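Here you go, one structure.
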Amino acid sequence: MLRAGICGANGYTGIELLRILDLHPGITVSRLFSNSTAGKNIKEIYPYLSDKYDLKLELFDSSQLSDLDVIFLALPHGQTHSMMSALLAYPNLKIIDLSADFRIKNNQKYEQYYNVSHQSVHLLPEIPLGFPEINRQQIKNAQAVANPGCYATSVILGLYPLAKEGLVSHRVIIDSKSGVTGAGRSLKESSLYCEANESISAYNTNTHRHIPEMEEALGIDVLFSPHLTPMNRGILSSMYLQNEKHFNKEDILAIFRQYYQNEPFIKIMDPLPNPSTKWVRHTNNCCISVVVTEDTIIVFSAIDNLIKGASGQAVQNMNLLCGFDETTALKALPTYI
Amino acid sequence: MLRAGICGANGYTGIELLRILDLHPGITVSRLFSNSTAGKNIKEIYPYLSDKYDLKLELFDSSQLSDLDVIFLALPHGQTHSMMSALLAYPNLKIIDLSADFRIKNNQKYEQYYNVSHQSVHLLPEIPLGFPEINRQQIKNAQAVANPGCYATSVILGLYPLAKEGLVSHRVIIDSKSGVTGAGRSLKESSLYCEANESISAYNTNTHRHIPEMEEALGIDVLFSPHLTPMNRGILSSMYLQNEKHFNKEDILAIFRQYYQNEPFIKIMDPLPNPSTKWVRHTNNCCISVVVTEDTIIVFSAIDNLIKGASGQAVQNMNLLCGFDETTALKALPTYI
Amino acid sequence: MLRAGICGANGYTGIELLRILDLHPGITVSRLFSNSTAGKNIKEIYPYLSDKYDLKLELFDSSQLSDLDVIFLALPHGQTHSMMSALLAYPNLKIIDLSADFRIKNNQKYEQYYNVSHQSVHLLPEIPLGFPEINRQQIKNAQAVANPGCYATSVILGLYPLAKEGLVSHRVIIDSKSGVTGAGRSLKESSLYCEANESISAYNTNTHRHIPEMEEALGIDVLFSPHLTPMNRGILSSMYLQNEKHFNKEDILAIFRQYYQNEPFIKIMDPLPNPSTKWVRHTNNCCISVVVTEDTIIVFSAIDNLIKGASGQAVQNMNLLCGFDETTALKALPTYI
Amino acid sequence: MLRAGICGANGYTGIELLRILDLHPGITVSRLFSNSTAGKNIKEIYPYLSDKYDLKLELFDSSQLSDLDVIFLALPHGQTHSMMSALLAYPNLKIIDLSADFRIKNNQKYEQYYNVSHQSVHLLPEIPLGFPEINRQQIKNAQAVANPGCYATSVILGLYPLAKEGLVSHRVIIDSKSGVTGAGRSLKESSLYCEANESISAYNTNTHRHIPEMEEALGIDVLFSPHLTPMNRGILSSMYLQNEKHFNKEDILAIFRQYYQNEPFIKIMDPLPNPSTKWVRHTNNCCISVVVTEDTIIVFSAIDNLIKGASGQAVQNMNLLCGFDETTALKALPTYI
């Protein structure tokens, strides 16, 4: 039984990690860390955990982790880049970083979007992006992975096969809709119930921080337009590409099937309808559908932002890092309702 | 005091008409019609109306309307085209048709999208589209108007100045998000609370019936992609155009201001942020903002689908038809919460 | 045209006052005050107000109000008791205090529940509770009123006739359900969208601060059990009384009709069904229904917590204080959807 | 591996059974039945099941079940009472009836509340109510169980220890709040998104069909007042009892602990706060808390109406009937968000 720690355990990504790992037969969560709520017991914050997790939240100290086999870092951006060397020094510690710090390999782009000077540029090449559908083998051989962003995951999964096949030479228009958990559990007015409820709005149009991650992974330019949607969970990315080669729907589906036929978490909706985000709720799945006109290819990609877009993909990556079956703890059907 | 009748009074459009007209100093709603619930009293269906409207729903009979000055037709599509001649025969009756039957002037397009053979093609030219921001004078001179569709209103208002100025030569990509009232009050599984709640999905991609209305009013081609959003009301249309002339934001805003400077219901969000649909909730307003990059113009247009997208615009049109001030009964601030 | 100021204008009660007063033909809102956001323009916080209200939020200074005819005090509890003398010194200023400071006439109860030592006990008798259905005449003769609490309003309206008729000698069990606006717009975790959404919970059982207000106004004992409900607005109070005299439903309804027959905002649901909070949404109405068994009388009372429970009742009180028709600006039908 | 069939598979109870059983290592769902949608494939109705369940819905024929080891009957009330004999004739078939037909042992009460003449009164004694916390041993020895109703489960679990200890001699006031899935997936106006959203209402006050079930299981009288709450899932029952013996909180908690100390699914919230329904979402748990005053005992009981209130308890019962560990497939933590 491997012992795991969760850093940032009091946030939504943290408690989703706890919920998923609770289903994992090879993992025990033995330590929880939180800088903002250190000293409290996790059950004071989340009383429903009371009879299963009686753990005190600790201040994170990277020099005191020798009793852990796995560490999940669900921290704000700009914190892990300076502590990664210390973590890698534990020879048997596997590290899953859920922040953006090691996702973008071009550190100027990182600094431009995150306004942070990266302290471990030399480590960027050895910490792969944790995208099993793209670089499974690299992850298996790594000690640490950079878990992708939620929007980036929905977009990259929906465009990767087309980009790889050279179908994307123009800027792709991406209109994404995310539930409110995407903003985390921090206190801000736009996250209040009465502010977010019963309304939809666009924000950070063409300036969102997930843009460099998408562009680097896909090798293309994107125009990214996210929207805050009145629901807890889910991302639906609607992506509009020029159909330069006048492919038909069957051509496009054939490409998706070729790339994803053995992928356990990718569901090509064919002949079924365009996905609703509830079809992936509480799962690590990504549902993809396409609509094709003579001049436009439209790809819809739906994920649960907290699972495939964060904690589920983190466990998928951990499974690869630690030699578990990749789908362990990630097999449940969607909750739908 | 003019006497108005509402046909289709038991649906959401019908009760919104009733709510708005209740604020109108020059109108009394004296008759309600409904084919599905004729014989019932409106207060049996909507008990909150009990002390204000004690009216029995009647079967609609176009030969018995001589006591009315105004008739609102909130009927399913395909019903008014065959009764319009009879209605126009009342010399003093003003008619606001909220169905699609007279919106599309190209009757082949109408038949293609609605699968109905139009029985009154000869009347199409004399019943203007009820779009005051575009053809106010025509409406003032008409006896009947065709009230535009909800999605079409949000899209046309957001693109009209740019289309008129010749900035739209390519197909515009329109990603719209609508609340569930857009589907009306009819019983279907996708409108159930537990089905629509907590999820977003795309539907009718590139096949939606509002497409010919948009294309005809704007003289452009559109790729229209609507989404069902978990909220009662509101449409946000996010529209992506090629910026062929490399205009900057100020250039684009200047065009919008030129066209809409005297429009009482159009709000240009400058320098304010992109609109949230709650900024127009329960109002006849349309909030518009733009984001401009070197190669793309993005227009966001937000309306309340039941007000500016249906019953409010119908009252605005009635005000013009009947000689009231155009904003009568339509001046309240948004409810926001 | 009277000039009104709103103190605490940036909160939900404040913007509801602004929205309602915007419909009032005899009032102009000329000044807005907010201690937390002073210096900002109201349209920066609520962009939808941009073309109607271009007002800077001021720090409140009770010595600089001579240009106002009316002041609404939508402040946190514990602030107005020390400034009331200064306000009353303006001979022509009418004052509507929406805080709890002058609601409870027993100042020990006030201090027990609010943990504040009241600085103006001598003023308590001359500032009536602003409950027009109970003490309309007193309000008309006053310079200032204490606007009741939201839960208290729903409960008092539902029990007042029965208490007055001596039907309530036992402790009444009151199970109330409130929307999330009841918690205001302040930043706390329980008000976050993802915390409040899709869940209901009880809180402050038998300790809520509205208890002394109910007990004092009704002269009875209550067991009050409030619940946080996943919706923006609305309070439904379900009240369970012993039916000591074995009255039947018609007996009880007759009492309600006797007390409320001329009340413009009270709607007795008879023979119609129990109210849903949406039947009063965005109105100053209170819908009441009763279910009677041999040993129990059940009263359901529904209000909009921000209107009849706060800003609407404040305007109703202002209408009385200033000599306007009591229903001015408060006549719109419910929004329902 | 036992083979299970689900009758009524297209409803919410049906798909929840499918979701839970998918996690069960000893069960394969091999047949699905639905009278209303027979002939369709389950994946046409629920596309998210497409890659896991490729099963055609069959018309139910009680004479063709010899290939099944377990049958779940998620049918409308009034259907299973006439087919039970045929089902019991399969010697190795275990039967879980989720309808009301065998819950109420007093068949006059059943006929009074359900307006159905029971065809199998002789079988009522041998089909125990499936309430493991009350009659686990009986269930283990049975071939068939009557799975309790959702409201009844929340109420019985919250009152059983107190009723058994003789603390309940008066009528208990029960104010319950349920999510909209409680109404199932059938098409009715009150279940439409725009009708149920953003509003709470009382219904079936003191006439709801779960009353005889509660009264029979507890041996007490109840006044039951259910409310429709704008959320998908969850029941919170707030129960108000006279505190005749003037017990304090610790006395009451001691009784609950005594009865439930070994119960895997009952969570006594002590010293933690009153439960929110999200603390049990997607789990088979019941969270209970108490508030005690000198004259009143208040018990809050929260369940997921589709899990402990239906499909989860059905699987718990099946585990007992079939000799599996009682918690199999029911161990996941709540989803919370």
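Letters A, B, C and D name the chains as they come in the text, with residue numbers starting at 1 for each one.
Keep in mind that, in the parts below, contacts are C-beta pairs under 8 Å (C-beta built on N, C-alpha and C of every residue); 3 or more make two chains touch, one makes a residue touch a chain.
Everything numeric here is computed off the predicted structure, so don't read it as measured data.
Asks: Could you name all chains that are in contact with chain A and with chain B at the same time?
Replies: In this structure, the chains that contact chain B and also chain A are C, D.
Asks: Quick check: more C-beta contact pairs at B-C or at A-C?
Replies: Ranking B-C and A-C by C-beta contacts puts B-C first.
Asks: Which chain's C-alpha centroid is most distant from that of chain C?
Replies: A
Asks: So, what's the distance in Å between the C-alpha centres of chain C and chain B?
Replies: Whole-Å distance between the two chain centres: 36.
Asks: Just how far, in Å, is the C-alpha centre of chain D from the one of chain C?
Replies: Each chain's C-alpha centroid was found; their separation is 39 Å.
Asks: Need the CA-centroid distance for the pair chain A / chain C, whole Å please.
Replies: That pair's centroid distance is 45 Å.
Asks: For chain A, which residues are shared contacts with two or more other chains?
Replies: 12, 181, 194, 197-198, 230, 232-233, 273, 275, 278, 337
Asks: Hey, which residues of chain B end up touching chain C in the complex?
Replies: 12, 15-16, 18-19, 22-23, 43, 46-52, 181, 198, 232-233, 267, 269, 272-273, 275, 278-280, 282, 287, 306, 332-337
Asks: Using the touch definition from the top, list the residues of chain B that touch chain D in their complex.
Replies: Spelled out, the residues of chain B in touch with chain D are 12, 180-181, 185, 187-189, 191-198, 230, 232.
Asks: Across the complex, what residues on chain B touch chain A?
Replies: Chain B residues touching chain A: 171, 173, 175, 177, 179, 194, 197-203, 205-206, 223, 225, 227, 229-234, 236, 238, 240, 273-278, 281, 291, 293, 295-296, 298, 300, 337.
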